[in-house]
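The next block holds one structure in the form of structure tokens; read it before the comments.
Chain IDs A, B, C, D, E and F follow the sequence of writing; residue 1 opens each chain.
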Amino acid sequence: MPIVQIELIEGRTLDQKRALAEKVTKAIAESLDCPESAVSIIMRELKPDNFAKEGKLWCDK
Amino acid sequence: MPIVQIELIEGRTLDQKRALAEKVTKAIAESLDCPESAVSIIMRELKPDNFAKEGKLWCDK
Amino acid sequence: MPIVQIELIEGRTLDQKRALAEKVTKAIAESLDCPESAVSIIMRELKPDNFAKEGKLWCDK
Amino acid sequence: MPIVQIELIEGRTLDQKRALAEKVTKAIAESLDCPESAVSIIMRELKPDNFAKEGKLWCDK
Amino acid sequence: MPIVQIELIEGRTLDQKRALAEKVTKAIAESLDCPESAVSIIMRELKPDNFAKEGKLWCDK
Amino acid sequence: MPIVQIELIEGRTLDQKRALAEKVTKAIAESLDCPESAVSIIMRELKPDNFAKEGKLWCDK
């Protein structure tokens, strides 16, 4: 605890994921005054035909 | 907002996803009296061995 | 299956939720060609201090 | 209802998933005194670069 | 890891939740051959007007 | 997009939530090189009897 789930469009590099894990963990630990070791992060990568905004698929925009 | 997450068994066509995005967005906007532009939809496709009902995997039914 | 999760800001009436359940179920059944009886919908109501956009809480906008 | 979502690192065998579906369903039905037929389980398999703990990706540990 | 999310209709006793936590954890550890200490469980209690099946709210059934 | 869901034990102040929204949004925008305006954050507060670790409810630890 806390447990974080992040949905993002696929196509990030390993280095971007590394930065995401490190920075989001730090941001949470600082804001909530909890140890970094308590933070878990799940990333879910979405294909552009599995996300829609305003009724339109991302791949059709 | 609103944010919608839909879990479905894999194997839908692009046209089915397009219809889903359009119709669900419209259904939400009408019901809640909010603009269609406010609606986000995440679809997650599950393999038949990643869903279970009544203690049995979908692929075993 | 399909299973739908909808996050929305709190404050909807029972009639709005009824309409939401009915219309979203119909929209999914039509789009994916599945029976309405297969559709489950979970609604989660968020307090305005539990949602943020652009780094700002909803209650501060 | 109840609806269960389980996030796990990828790499389980079909037999492990079968056991998971059966045992978790039984555990829930017994604890909550509900029929096994009411329990749905969604499994989501994560790649080791999509999970982080203590600010570090699983694949970097 | 694994991380479990369980949606259930509100109204369970503390003892039912205790049993749920213990039994589901054991079921997962046995099935996936992982330590019980690795299992996290989130329960989310739903009001009967926040769940729908077949297009009908639970509170209207 | 990205959409973030954070589960945390209840009892944070409004200022902690404000900091969380601001810092997590910044962390994501920097890591993924996306605008802060694209980031949505959902927080879900859990009662101590709705979270379990190692088979034990949080309220029993």
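Quick notes on this structure:
Just so we're on the same page, a residue touches a chain if its C-beta (ideal position, glycine included) is under 8 Å from a C-beta of that chain, and two chains touch if they have at least 3 such contacts.
Just so you know, these numbers come straight off a predicted model, no measurement behind them.
Think of each touching pair as a link: the shortest run of links from subunit B to subunit F has 1 of them.
Although subunit C and subunit F carry the same sequence, what matters here is overlap: shared residue numbers make up under half of all numbers found at their interface. Mean C-alpha position of subunit C lies 24 Å from that of subunit D.
Rounded to a whole number, the gap between the C-alpha centres of subunit B and subunit E is 22 angstrom.
Multi-chain contact residues, meaning those touching two or more other chains, occur in subunit C at positions 1, 3, 7, 20, 26, 40, 42, 44, 51, 53.
A complete list of chain pairs in contact reads A-B, A-D, A-E, A-F, B-C, B-D, B-F, C-D, C-E, C-F, D-E, E-F. Residue ranges on subunit C touching subunit E, taken from their complex, read 14, 17-18, 20-22, 25-26, 36-37, 39-45.
Every residue of subunit E that touches subunit C in the complex is listed here, in rising order: 7, 44, 46, 49-57, 60. By the touch criterion stated above, subunit B contacts subunit F in their complex at residues 1, 3, 40, 42. In the complex of the two chains, the subunit A residues touching subunit F come out as 1-9, 12, 16, 19-20, 23-24, 26-28, 30-33, 46, 51, 53, 58.
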